[in-house]
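Which chain is which? They are A, B, C, D and E, in the order written, and residues in each are numbered from 1.
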């Protein structure tokens, strides 16, 4: 207890951190998993954006000579049984998988937030009915709906996004609603009302920003889940149609049959999915921590 | 409390009614009916014969009549006949429900038994290597597609034990049954356990910051007592809510698992029934699932009352 | 004699409340039928002149906040009327109410929760200007900066978030926000309860300065009697939804008439160890406003209660010098 | 005191330790607690020393954030680490230095020989455990009582703190009690093991004046009976004047003044204490002057942030008397008058 | 050999019913064939089905009338249905009356109606004799009657019951069919062949996931895989993990083919259609889909297994079957340019296909090949329930289809797929002249001559691009060493499942 190394402790706490770069570094130090997640997410977003530039081969072009070629000089991550380059496919797959993840999350959150806000605000009969609708949405198994959509609308990016976003809606709506109920009673909302602010504005400018933290946690968890769900949906006929590469499809059952003879067909897309899910969740955890006012100094 | 129960019951009926309309309409919005499908799967297109089947099954009647017939039957406990097998729906669904129910229950138990303590440990050891390791493991549970995990398990068993733990005939003893379902249950439960672990961790962290935890420490409570006696009971509250969500989700997860482990449960059966447009099976099964979800949600709410004395449903 | 007292004598009341009632329904069942009421405010009358401060005191849960919110029509009154400068606003619609909203503002007890934690201080203070379309862009910036200056904050602090301020500063932001619309009345709902004494002094001084300069009227809600005594001209004491005593402050503090007022005064700890007082301790807790006791609400804790108190509710009557007391014994 | 209370008090007294009033039970020596934050090192408690005698009430006052609660928590070693750390000093309880005890040994002290009442009675009680279980926990832990016996004692304790129908109340949950009752439960809990030292951190801030008066009376009554030493933390000087025997004034993590309560109120030495006293609005009838004095006296400026204290006296930037020496050199804590200490170059000027 | 034991086989999916006549899938044909008997049947132990390998079964003998328009069967006596009722000539008549839709009772579905368009009547000549009366001579009808798909149904059981609880005369009795679980058969102790069958029971376990099925086989859970369940790439895996198992690679009798809607512009332009023929690199398809094991061929199953398929030397001369791919594609590009397309004016189309892997994979390759000739194609996945409806209504421009045939017999194949009036002539290719030739070959009794005629027709079909055949698939069936006396029929997967003499060495 006599001598304490204050400076080491202070450095750990992030004292004297100024400037953009050192702050980033400090945060990376403080949330190593979150930083790891951020790097992964950034890498994949980058890959998705510049997919055409960073891949040498068209991901849809088949080549019997390369069929089931092992990873090596000719094909960085090997080739699938149609001789399509796995590296190209994994990189281009990021586009679709991220689109599915981001798209469905954004859509689900948007609708969920609107429903949740309206329900928590208007209350009364409207709320009662909306809650039933939400119950129903929750009780309707996703895959049942996905199958029905697959059969009626056929597989496509849009349908996949819609199907995946639907089960998110009740969760988001519930969270937002309960937050709305709590926040609408807070003094600052009342103060806004006292100034003559309209309820819609209050909902959007005062209530919504304060439900952001749980929303972010939900959203990042969903982002990963959506990519996986797309894989399950591919399994059942919804999902992104061939020949577009999607990680889910690459991993789906046909690839599983090659797991022994051509493991690279599953390893790389599997790795990609796992990494993105990992990345988004870790990042989400860190962002949640950052947004937590109790964690701020 | 009694009035609360009545209210909840009425709301449950309302939800179920909505569900019945939804699933009924949804199924009929989907192109194709059983006639189309049995014909077209066989590669034939004969409109007269199709119309014949439709008439036999009553599919030519106005939708509202069909709906009323279904609901009327349902209320009287008559679930109709499966279009495909032409057996009573109840005979088709009946024996399959317990299988899925057992599987789901075991999966849920597995996920709770695994997820809860790990979540507590991870929270108590926040930002230590152990915490990181547990979080990474739990995330891997969330980032592994369930069919993939299931297949890996099967391959592993075949490779190293030379047997395959799939369902080929009904198990004879309870022990056999437990053994048979334990692996698929673990495969599904792993995902949920990851979710429960994450949730437990975050709500534990929340609870550990509360004043009453400080009070407990100030009274000299030991770490174990603080973590598992004072904190966990509070932290477990939000975790119970996701049990309801997971119950609904499990049906989806089980489709894949039942397929891979070849378990003749309702989840996979439901998929096939949809593909065949076997309306009586789909409608009744979805209603059953909805009933389960609604009841589970209700039970979760009741559990809340038990766990949290602050909540009183007297309104 | 300060300026404000002269104004009191000359003009019409800023706000006048008659027999104000607010019963919060307790709803039950699917159809949410009302099965009972919280009698939060149960027949309260008072008026406030320009430049005057009316103090409203009473125990926690006796309905002080509800009175304040009802006066501003933030909750709909169950009964009674609210007149603002002679106009009845009790039943005005949302649109018609808007101009009156500008004249009456509110400052809350908890300086932190009454500021949106995710908005910058400047935005918070500028918001009413935006809502009412008073000023925009650079003009608004200027006005906000002036308001900051008025309440003793630096204009640079406009960019800061509420959590970056101290408690007293946060309360100043609330006051600046309330002042933005140039109101005639500010309902101050326990504005200093969460602050410690030295900061409390800063805020009270600020409020009193503003009153002197602008002729503001305050409805000052608090349960800190010393503060109320310091800032108010007249004081109303509430107990369980009703005013039990209403008088100018000198009268009230020197000759409290209601047993509850007496108990309240005597329970206030006095920062002077030399002064050992004889406390009128009242036993027991405040009864629930859902089932207020019959007759005089205070009889359950009143040391002087007689049989009549248990059945008959005492009216508020004048006991001289404009001092109103609701007690059968006076 | 009711006969019942006396009876229970006697039982409590029958415990092996006997004590005589006036004997020092706790000495705090140069206690230093810091928080490592992003903004820098917060010296929340900076070389605070004091002694506490049995049966005595010592009040700690000071502006919000000056380190009162952290001092109290440091005594029990309940500082959250990270970010906090006790970096120096001694806390000697009847001969043992608490800061050098092992964690299990420390646990035996907490709630047993030193216990604490927290400010917020609602959040300080576990909402999902019955009141009875929470009280009996400590008894089972420290006194090795059986569950039934501990529960019985819990009922007695509730009766002692004048909770009506105690046998019924032990089965209830915190939310079923009013604020005043909850605070009494906290007190019952803290006193259940007959501690030598009771730390009450703003025990009545959340309560109404009438209830506050009841609770303070109760604490004093029990203290007289059981001979417990009390550390009372508050910023309500009224409460201090009515309950404490001695007062410590803290400013920015340091003790700036210490005296008996009469002495302090009559002749405050430190300019900060004087400012504090002056800024309290006092009930007119308690003062000799008439009402309209206009402005309250306020201390200009703000407490400097604890991670960025000025070189000299921390109060210097706000002090009317401050001179260059104040700004350069921290004043020593000295006995300026008989049993009246202060840390100020200009004490009493 | 030994008697006893339960043969366990994995089954790939749940068929809609177990009525042989009502279904057109090997999912029903394979398990159910053991429940029934035909009038005549392909010799169960001769791997290549042909007219010469047809042997008597319920018919002890058969004879053709002089004009080759009446086929008379002498029926076996003392045969019993599984429910104990005697088998008579009436049962034969009932069965074919149902198939030709002459009887009062009706099948729900009748997928092989086209097989019997030439069958005018079935007459009961006596309790143990029936005669089939044809509109014109048709020697091929015997091949169809010998197919696994042509069991005799009992008169006294309704078609509805046959869908759920069928009664037959075969070596095994039907026990139970449970959707998604199993089809179970048990030994028929009163089987008319003395001492047979050897097995006590057969259990087909329905396992939806192919990976699981294969793992189950590898783990020894199943004695046998589902017929042709093992694709070429998987075969290696199985033989390495289960070296003692026997695996036979054989044609699946399913061809991958291209459908082009010749009414939908711009595909009404013959140049574009021909360009599409030229750009398809069949060898690439075969290499990718089967590591080179699949066969190139015309409409009918190619030799050596196929009896009627175009011989390699004639095949090689057809456009798009060999030759220099680069040259072909150059020519194709030229054709496209003539049709008005080029590198800067590419043609965008949708390739419709069914949402099944075996359809999707070749479609993906097709899309890639079309890219070479300025066609940018996108996959249009169509749900199984709508696939046939959509293509029959011609709601597609370019489609990729699989066509299977259960008997290696031109009559069964040509009329179903290429006759102008056939509902399964999806491209509605209609050539009256060619149709006359089809009828002519059907009546030809001389096998050699008939073969020549069939080749000509097939060649013409390919030249016209009626339904360009891309490849004929091959896949394997595997069984464990203890399963004895299994013979896989190499030119059909539908005909070899009577299994009355299979036994288990355990």
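Assume a contact is a pair of C-beta atoms (placed from the backbone, for glycine too) under 8 Å apart; a residue touches a chain by one contact, two chains touch by 3 or more.
Given the structure is predicted, the values throughout are model-derived calculations rather than measurements.
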Touching both chain B and chain C (chains): A, D
Path length in the contact graph (chain A to chain B, fewest steps): 1
Separation of mean Cα positions, chain E and chain D [Å, integer]: 92
Whole-Å separation of chain centres (CA-atom averages), chain C against chain E: 89
Intercentroid distance (Cα basis), chain D paired with chain B, Å: 53
Inter-centroid spacing, chain D versus chain A (mean Cα positions, whole Å): 49
Numbers and ranges of chain E residues touching at least 2 other chains: 209, 211, 383, 385
Chain B, residues touching no fewer than two other chains: 11, 31-32, 151, 155, 275
Residues of chain C whose C-beta touches two or more other chains: none
Chain B to chain A touching residues, read off their complex: 11, 14-15, 18-19, 22-23, 26-27, 29-32, 132, 135-136, 139-140, 142-148, 151, 155, 198, 202, 209, 244-245, 248-249, 251-252, 255-256, 270-271, 274-275, 282, 286, 289-290, 293-294, 297
For the chain B and chain E complex, residues of the former touching the latter: 31-32, 36-46, 49, 52-53, 84-87, 92, 151, 154-155, 157-158, 162-164, 166, 168, 259-262, 264, 268-269, 272, 275-277
Residues of chain A touching chain C in the complex: 186-188, 190-197, 201, 206, 209-210, 212, 293, 296
Residues of chain D that touch chain B when the two form their complex: 76, 78, 104, 107-112, 115-116, 118, 120, 123-130, 137-138, 141-142, 173, 175-176, 186, 189-190
Touch list for chain D against partner chain C, complex: 63-64, 178-181, 208-214, 216-217, 235-242, 261-262, 265-266, 275-277, 279-286, 291-292, 294-299, 302
